[in-house]
Amino acid sequence: MESWKRKLRMGMVGGGQGAFIGGVHRIAATLDQQIEVVAGCFSRHPENTRITGAELYLDANRCYNSYAEMAAAEAVLPENERIDFVSIVTPNISHFEIAKTFLEAGFHVVCDKPMTYSLDEAEALVKLVEDSGLVFALTHNYTGHPLVRHARALFAEGSMGQIRKGIVEYLQDFLMVPHKKLGQKQAAWRVDPAQSGIGGTMGDVGTHCVNLLEYVTGDPISELCADKSTFLPDRVLDEDVNALLRFKGGGKGVLSISQVATGEENGLGAVP
Amino acid sequence: MESWKRKLRMGMVGGGQGAFIGGVHRIAATLDQQIEVVAGCFSRHPENTRITGAELYLDANRCYNSYAEMAAAEAVLPENERIDFVSIVTPNISHFEIAKTFLEAGFHVVCDKPMTYSLDEAEALVKLVEDSGLVFALTHNYTGHPLVRHARALFAEGSMGQIRKGIVEYLQDFLMVPHKKLGQKQAAWRVDPAQSGIGGTMGDVGTHCVNLLEYVTGDPISELCADKSTFLPDRVLDEDVNALLRFKGGGKGVLSISQVATGEENGLGAVP
Amino acid sequence: MESWKRKLRMGMVGGGQGAFIGGVHRIAATLDQQIEVVAGCFSRHPENTRITGAELYLDANRCYNSYAEMAAAEAVLPENERIDFVSIVTPNISHFEIAKTFLEAGFHVVCDKPMTYSLDEAEALVKLVEDSGLVFALTHNYTGHPLVRHARALFAEGSMGQIRKGIVEYLQDFLMVPHKKLGQKQAAWRVDPAQSGIGGTMGDVGTHCVNLLEYVTGDPISELCADKSTFLPDRVLDEDVNALLRFKGGGKGVLSISQVATGEENGLGAVP
Amino acid sequence: MESWKRKLRMGMVGGGQGAFIGGVHRIAATLDQQIEVVAGCFSRHPENTRITGAELYLDANRCYNSYAEMAAAEAVLPENERIDFVSIVTPNISHFEIAKTFLEAGFHVVCDKPMTYSLDEAEALVKLVEDSGLVFALTHNYTGHPLVRHARALFAEGSMGQIRKGIVEYLQDFLMVPHKKLGQKQAAWRVDPAQSGIGGTMGDVGTHCVNLLEYVTGDPISELCADKSTFLPDRVLDEDVNALLRFKGGGKGVLSISQVATGEENGLGAVP
């Protein structure tokens, strides 16, 4: 098979200058020498894409002004040049459209969480993926940690018994001051419902919590009662959520997350 | 003043052989050489009281068969012999009656938490204390820790700002197996509503959590939504509680406590 | 046996106002209700002894102006009043003479480390104790910790194998500034060879290190090469010691101790 | 400048299948997308080089049978193809010859520590580098950690005062059982003086310790007294070293390292 004789070729949408997570995804994707970045549309601003592409030493012809142009152009490149898959690291609102565009152009997709802006989009995307026969991967990255895998294996083999209590916390403080003061791109879109969707902190870090609990225990959350809060005057989305959880297997739990918890940088922890 | 020329004389109700917390209270009370234990009714079983008193080298005449007998007898001893105060370390149901008895006999009272079995009793006790002019102290012991005092001072002076989020946890596992298997006196009464009252884990360790949060922040809990659970088949009281909290000042929080959290010995923590 | 019907009666030499370790020894001795402090000569200054004795509510007649007076007076008290043993918590230079005095007066002795000011004194003391038939206990207190006992048991039963390497550190900083500036009694005598003997830091905390290593492993240090340092201009005794160790069983090790290691409060650790 | 328009091209000597540190160097070199691996001689065994090169998707023509062949062949490739520098991750004995070969062929060199097999070689290499005008970098990787940089800055600006004591430890246990039992390539050459040189543990992890102490404090070690030990019967090089240190500035210290310290994986720590 040809693909075993070369690195996989990755394109990226998002992750330009001023972005937070795109560079992290590039490092993670390439560090074991199995993937190379060859194309990208790193920003809605062509100049940003051009500069970011140059920093990555990409061919200028493969730094695209829009993701639609990128999907179309890559699809007609020779098979031994074009990207194998796209990595999507844009604000939540655009996940669905970008994923759809690349799937329809015949490319596998790696998409950052949360999957889509709304449940309707998520269901439509599932159907698209099934019809395409292509791979769609969601980067719930914590599931790759050896300790998480080991914990999951212990639950799966039954050696952890039945779950009585699960506690999961994810505390950050990077939204604790008005984002306009920060002038950070990654803060600005996260607090804007038009780009982030209805889930603020819940979509941003709560997804990791729910994913971890369910992935490790194999026991899905069946009921919840949540108290969502917005503290800063210029905010409309939740910045802080506390929730009571009930697991399908009869256990109980709490989820407590925040992006306005002063003094906390990136504190993820769980006690299932 | 005479009392400055001698140690305070303490009597104890509860804390006999097989009890858990009585010995801890004796250590804490006497370690700075300001208090001596001189009398007690350490158990409902006179033989237990006799043995415990002997281990403490008490005068056998001051090891009483009942707390009522103790209050009456001590009250008529000469002023330079009789106890100054009583320390109550019995199951919750008896706190009110014992405290009432000693207050009416003219003695100051140090009582372990929770204060009483019911709210009615608590309100009656407040009135009794006010009328008596005597001291009634509840042993919310964590408030004595220097770090807790310092945290409280930081909140009081305003340097911690306004509270957005408070998290408090207290996880134990000593009730994780059926208490009959354990044969522990302290487990047996805690799970018996007739001795413990309506509060299981909430009364036992939840009180410390609520006390700590409110003591440190100075901001009382104004609303809550709790999910109380009982996992073991032979139990009627809550063994595990998760609660969403709202503080009067507008902050939010979670409380998560358990006495069936396997692997946890005595894990108290708070992030206000 | 009469002694089981009452608390042991302890006298103390040293531990007056301004002293550091005497109060700690009183707490440790009395916290399980088996010992009571009944007499003392807490300082070379009678006024200090008087005040300290009053704070402990001692009979003024049993607060003595000198340890010699104390030994003589206690020896002629009725058997049901006089002390059972003396606890010595004075500067190193006086350990031998005080211990000798009380042994000769017929009292058991608990003495703080290091045992004596010199090896000659130590050997003379061993002989005195043997001839007296009395108990002489040296307070190497760390050997009482459950983890230390467990570690020792693991070595004794052979489950730790043969020792290859032992590392022990004890870092403090309380002598890091000139002691005259501190005005602390406990700093002043420790840096004075006339009161402390030839061992500065080595005698003060190094003894704990050597004791711990040998107690836990059961393998005595057979050779050593040490680098003793004095950093402050007004000091003559060692403030800091590093040593290469060789154990009788063939293992190697290092000892590193200091009382001028800025930022370290009382950092004792060992990896045998 | 042409080099800013493309990734740097790296060749590697060593780091084939069964090696330990080569893969780590490849990850570290490439993770920020500024370097690509394009050539290598990964082993003395051509088959190993061929397989390793294929796993990295290298051009088979640039997987060389010997480092000499590699240096010669790369030197005559067009400027826009040939490597910019070589990364040497072989056993210690070969560092000098490989570095010399590539420097003489005109290539910059990144070499793993320790620099050479002997002091004579090290001095010869310094001269070679000076004459060549090329870059020679030694991978004392811990100096790249932000905390280490910050500590160094604090010492450099004088805010840490004068050094009284420095403690550095590096404890491993991967040589604790006879290496023939392990069948590990990386263990085998480390205990073989013909490949590792005269420095066993001292050359392997002691170099990191000395480098860290001197790099952070800016104060070189001027005197030392070391106790080198070999515990396993089949070993000739040191497996464990304890040393007393004296710094040029008057401070004292200890170094304690081991590769036979059971239970320790990779425990590097320092308290300057």
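Letters A, B, C and D mark the chains in the order given here, with residues in each chain numbered from 1 onward.
Rule of thumb we're sticking to: a contact is a pair of C-beta atoms (placed from the backbone, for glycine too) under 8 Å apart; a residue touches a chain by one contact, two chains touch by 3 or more.
Please read these numbers as outputs of a predicted model, since none were measured by experiment.
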Chain C and chain D, separation of their C-alpha mean positions in angstrom: 48
Distance between the CA centroids of chain B and chain C (whole Å) is 37
In whole angstrom, the CA-centroid distance of chain A from chain C equals 61
Mind pulling the residue numbers of chain B that touch at least two other chains? none
With chains as vertices and touches as edges, which is it: line, ring, star, complete or other? ring
Every pair of chains that touch: which are they? A-B, A-D, B-C, C-D
As the complex stands, chain B meets chain C at residues 5-7, 26-27, 30-33, 37, 54-57
What part of chain D is in contact with chain C in the complex they form? 161, 164-165, 167, 169, 171, 225, 227, 229, 231, 240, 242-246, 250, 252-254, 256, 258, 260-262, 271
